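Dropping the structures in below, format is structure tokens.
In what comes next, subunit A is part of two complexes: it sits with subunit B in the first one and with subunit C in the second one.
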Partner chain A sequence: MRHFARDRLLSTLLIVWGCVTLAFAALHIIPGNAIVGQMLQGGATQADIAARQAALGLDRPLPVQYVTYLAGLLRGDLGYSYISQLPVSTLIGEQLGATVMLAAAALLVAVALGLGLGILEAAHTGAWPGRLAGTISVLALSTPIYWTGTAAIFIFSSWLGLLPATGSGSIDHLILPAAVLGFHVSGSIARVTRTILTEVMYADYIRVARAKGLPGQYIFRVHILRASLPPILTVVALQIGFLLGGAAITEALFARQGIGQLLVGAVIDQDYPVVLGIVVLSALVYSTISVVTDILHGILDPRVRENGA
Partner chain B sequence: MRYLVACALILSLLLAACVPSSASKLPEPRIVYGLSLMPSGFDPHINASAELGIPLRSVYDTLVYRDPATGDYVPGLATEWQITADGLSYTFTLRRDVKFHDGTQFNADAVGTNIDRIMVPETGSQKARFMLGPLAGYEILDNYTIRLNLSQPYAPLLDSLSQVYLGIASPRALAEYDNATYQFHQVGTGPYKMVEYVPGNRLVLTRNPDYAWGPPFYVMPANPVQTIEFRFLEDPPTRALALESGEVQIVGEILPVDAQLLSGNPGLRLYPVPIPGQPLQFMMNTSRFPTDSDAVRQALLFATNRAAIVDTVFQQFSPVAYGPLSPSTDYYYDQVANSYSYNIEQAQSLLSAAGFTQTNSNGILFAPTGLDIPPTPVGGSVGDLTATPAAAQITGIPLELTMVVPPWGLVPQVAQVIQSQWREIGIDLKIEQVAGLNQLREAAETGRYNLIAMNSPGRDPSLLEQYFVTNAPFNWTGYSDLELDAYLQEGSRQIDSQMRGALYGAAQTRIMERALILPVRDYVNLNGATARLEGVAFDAQGWFPILYNFGLTPEDRN
Partner chain C sequence: MRLPPGDVFVFVVSRTDRLKVPLAVLATIILATTLAPVIAPYDPMAITGEPYQPPTREHLFGTDTLGRDVLSRTLFGGQQSLSIVLIGVAIIILPGTVLGMSAGFYGQWTDRLLMASMDILLAFPNLLLALVIITLLGSGGWQIAIAVGIAGLPAYARIARTATATTRNALYIDAARAIGVRSDRLLSHHLLPNVLPLLLSFAAVSLSWTMLNSAALAFLGFGGDPSVPNWGVMLAEARYAFRVAPWMSIPPGLAITATVMAVNRLADASQERFRNRT
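Now for the complex of A and B:
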């Protein structure tokens, strides 16, 4: 277990370092930054801009800037936004809660709906409930968040007046965006659930169980579902990554605050310290999720536990 | 799994409880104002966004104001001002009865502190500092008199001083907070006080009960709005939906199609506001083939049916633009109106005069350069010789153009209409869309375009200097003309308004004579509001609402 922890910590560090380095390189290949853009717009001369860049240390050679950034990162210092001049950690901190809340609620919807649809489809292949579930899951996969979101606002907010369409702050504000984002993500969970369940259902040991005369319900719950859980868990974990991306669109659509809005704004404004900060955060989130998934795998799948010990 | 679900639910409930509910203790009536984007910084002395002025215009007062109806300068924090004949020195007499929201007395020192803050490089001002132009310094003559000294005459100074970016902040608040945190605790003298700003979520203002020093066009309504919560509605279709559902009482930049629908709703009112400045236009690159030819540029203007663009994309809410300035801008020259009206024959004859006389099999015009005979393959067989004469064809340079567009303001849709209009007469237009303003500027710097979209708000025509002078930072036409340079540079320095009028008239004429730009439509901000909202008005810059005049009639209870 100690080896496991050490290896995972090391690989997490490597992932974060790799992401930061790639992002740092990519952002500096593109010419210009927020300072140049904002100041030119305001009517500054080249000399004014150069002075400001020098004041922020942006005139130093790239390797120096890179090492400075990494050194800051090790101390937990993400730097300052070029535009608002606030610490990046403050900017992220302000928005993190809202995005976590949206992502958690959407994940809940996605898992409940996705598992439900997948099971229904696998259990009733060919019959109408299976076909209906299949249609819904394809619909969930193939309709963009923009479309479902606008439709949901139109129906539940403008037309029926049940829920607020915009803003954040209360549970009421969370329901529509979480449902829309969760619905979209549920599609892939449902598809994978169905595929895995169907695969397991025709496995030899299930045939044996049937031959033993075990009741169908029992086989489904104990043998099929249990064996299918680990791969489903992996898909769900992968979807959490998507949730962070999908949150950007959902946040814009429902005028919610959050990391997604912050990221999109920072990319367009070329406010690179903010972009890098969010890259670091995403890398950490991904690594953490993959560690948690591995641990859960161990719990759910005895074979993994034995190999890992 | 069940436990996991329960935990997630509890966690999200807890988080929801952590976010404080909106300022409900603040006085009623209260409205929600939808902003169309979330500025990354909210400090008017530092940041450059136009959106920040929508709330903050009413948190601050400025030394002077501009009457939105006439454009005349009227007293603000200064009751009067004298400009020396050489235009180098402005003396302002200040009001003595003004207090900041924190109780600090307003005086000449306060103005000096604000100018100092804007001018020092450490503040990192992105706009305010450049609006002060060649400001050399100031002298405090007495407690309520301040003189600004310039190193050379600068005609737009009063217009600058009338804008929120040069609003006067409380010296005490500026001392208390640093440059990064002041934006959360802004203190001015204006008709509204800032209550809180939660990035990405809301900015809340409440009426200043002591306010008694507004300009003449600030008119107290019958049921004054007391509290205004600003929210950020970045997705355009959401704006009209939020207005219809009553979540916001007023919102700007509604999509034209939505505005069309809203105009049929008796509970809502539409306020289309023309924005002065440079209309939506495409700057034509005079240093790249084929737009380096005057005839080609003029042909493109004649070949564009701008009325059709305004009809289809803007639902007739925006007038067709004909020149580099829209009619609501100072010194707009009306002689450019209706120039280059849609005329396909004229476009075609100009193009053939420019050498584009042939049409290829795809219907694209090209300028023939001569006969092209494919080379006989080296060591080829005798049989190949027979094929050679038939393969000979006229070759030439096709009429291909590249257009760079930003994603906002329905410019991509405009580009598509132009593409199909030009295709009819054999012009092949390629559209390249970029992500934002910075990316647009970067595309401009590469020089690999024939047309590039821009628009720029501002009441004073000196903004043309940024775009049409030879060494201007945004000289995206690549055009250089000493006479035009002189008109524009002199226009910023002349303080005599008749002289300015003549100079800018000449500049606008020259820009259109040489067909440097393809103007498309005057920018009109489509605001929508509930019919209960009274006194909806906007300032001389068009963007900024006069929140002092806002009143909310009580709901009918029958």
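Now for the complex of A and C:
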């Protein structure tokens, strides 16, 4: 088990390093576009632009910039925004809370709804509750967030006047975005839950449990659910990566503060340091979550650590 | 056993009631889009009446922010939206199949190198990777297609690799190798037909992601010229007009959902057939 955890951590570190390097290289092939454009518009001379680039360290050779960036990263320094000239870590820090709140609330909705739909579907295959659950989960998977979101705004805030359509801050502002994002993510959780449950349901040891006369409810709760939960948890954890992307759309839709809005703004402005900072952060979060769930999965299920190590 | 490509197609399509509905839906969408110049009642770019008109006999789905006909824009919008999806899927499938299958077939350092680079790309959340590429390329239809294509590539390549690696040691491959079939022919004539059903069903899954992601990028405002009709852009416009004209979001949203749902159903059904066969 210790070997398994160590190998997994090591390969994750390599992957994160690869991500940072790739994103850094990609975003530095075309250096300082945003600055030049912005400053030329402001009527700056070539000398001013050169001075500004020198101040940001953009005149140095790329390998030096890369090493400086990595060194800064280890201290939690993500560089400075080209546009606002504030530290990227400050910009991200200001927005992080709102996005984490949204993602956590959406995940809660997604897990509750997804597990429920998936279990219904697997337990009643062919019968109407199973079919209904199946249809809802495909619908959840197929409807774009930006459409369900618009519909939700229209119904709950324009028409019924129950919840605010835009903004952030209070719990009321959180309900609609979290429900919309969570509904979409619940689709994939439901489908994976159903697939895993059906696979386990036809395993030999379940047949044995049935043959020796255990009640169906008991088999489902104790044998089937227990064997299925670890892989389902892994898939749920992987959805967090999707939540980060979905948050960008949800935040734009509901005009909420957050990392997603910061990112979309930075992409429009070609503010490379901010884009890079957010990418590095999300690769780090995503990889950490996947390594933690892998190790947890290994603890919960001995088969994984023997095959996976 | 070796299936010629024609049989694979028949195997996926024939005698499948569950495939009829999604195939009919897709055919209708594609037909309506290609025939848009003939069946659309108005020019999609032309201002044909008052803005924000509710649905009437003249404008079945009402008019938009500028007074353009929503139905015509939806029909024409499919042309850009679906072209983006097709280009994006081509970017996923062509290199993805080659990369994944060679990694799975040759193994060793080819496999390690290719899969390590795919793992790095997979550590970026999908839409985020697409946004990074948009940062580099700028806005526009082509740019969105390339961005969602590259973002979807690693997951597909991984599937192609696993499918090939598990088939590589089958008895019929050994037999073919024993009678002296060369590697490239082994790949294209013996392995490919057998992993094809699985690849097709995952290609369908990739297609549904590509549709959702490309429309999301257009919705976020990276679609380039906003006067060119596009389902994602139309949803963005409808979002700002939801108080005065809530009906504006129905046709483009329905078009995206129907496309994605049909493709998902297609993937499900073909996966099930594949599972039953083995």
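Definition applied: the second predicted complex is superposed on the first by the 274 of 309 C-alpha atoms of A that agree within 3 Å, B and C clash if a C-alpha of one lies under 4 Å from a C-alpha of the other, contacts with A are read in each partner's own complex, and residues count from 1 in each chain.
One rule holds for everything that comes next: contacts are C-beta pairs under 8 Å (C-beta built on N, C-alpha and C of every residue); 3 or more make two chains touch, one makes a residue touch a chain.
What you see is a predicted model; the values in this text were computed from it and never measured.
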Q) Just from the overlay, do subunit B and subunit C fit on subunit A, or is there a clash? A) clash
Q. If you stack the two complexes on chain A, which partner ends up touching A:8: first (subunit B), second (subunit C), both, or neither?
A. neither
Q.
Looking at A:270, would you say it contacts subunit B, subunit C, both, or neither? Reply first, second, both or neither.
A. both
Q: With the two complexes superposed on chain A, say which partner A:150 touches: subunit B (first), subunit C (second), both, or neither.
A: both
Q | Which superposed partner A:158 touches (first subunit B, second subunit C, both, neither) | A | both
Q.
Tell me which touches more residues of subunit A here: subunit C or subunit B.
A. B
Q: Tell me which partner A:124 touches in the superposition: subunit B (first), subunit C (second), both or neither.
A: neither
Q: Quick one: classify A:210 as touching subunit B (first), subunit C (second), both or neither.
A: neither
Q: Could you say whether A:107 touches subunit B, subunit C, both of them, or neither, answering first, second, both or neither?
A: first
(Q) By the touch definition at the top of the document, which applies to A:253: first (subunit B), second (subunit C), both, or neither? (A) both
Q | Intersection of the subunit A residues that touch subunit B with those that touch subunit C | A | 30, 150, 153-154, 158, 252-253, 266-268, 270
(Q) List the residues on subunit A that touch subunit C in their complex, please. (A) 14-16, 18-19, 22-23, 26-27, 29-30, 138-139, 141-147, 149-151, 153-154, 158, 241-242, 244-246, 248-249, 252-253, 263-264, 266-268, 270, 272, 275, 278-279, 282-283, 286-287
Q. Within the complex, which stretch of subunit A touches subunit B?
A. 30-34, 36-46, 48, 51-52, 55, 80-81, 83-87, 91, 94-95, 97-98, 100-101, 104-105, 107-108, 111-112, 150, 153-154, 157-158, 161, 164-171, 174, 252-258, 261-262, 265-271
Q.
Looking at the complex, which residues from subunit B come into contact with subunit A?
A. 5, 8-9, 11-13, 15-16, 18-22, 34, 38, 40-42, 46-48, 121-122, 124-131, 179-181, 183, 198-202, 231-235, 237-238, 241-242, 244-245, 247-248, 435-439, 441-442, 445, 466, 473-474
Q.
Quick check: in the complex, which residue numbers of subunit C touch subunit A?
A. 116-117, 119-121, 123-128, 131-132, 134-136, 208, 212, 215-216, 219-222, 232, 235-236, 238-239, 242-243, 246, 249, 253, 256-257, 260-261, 264-265
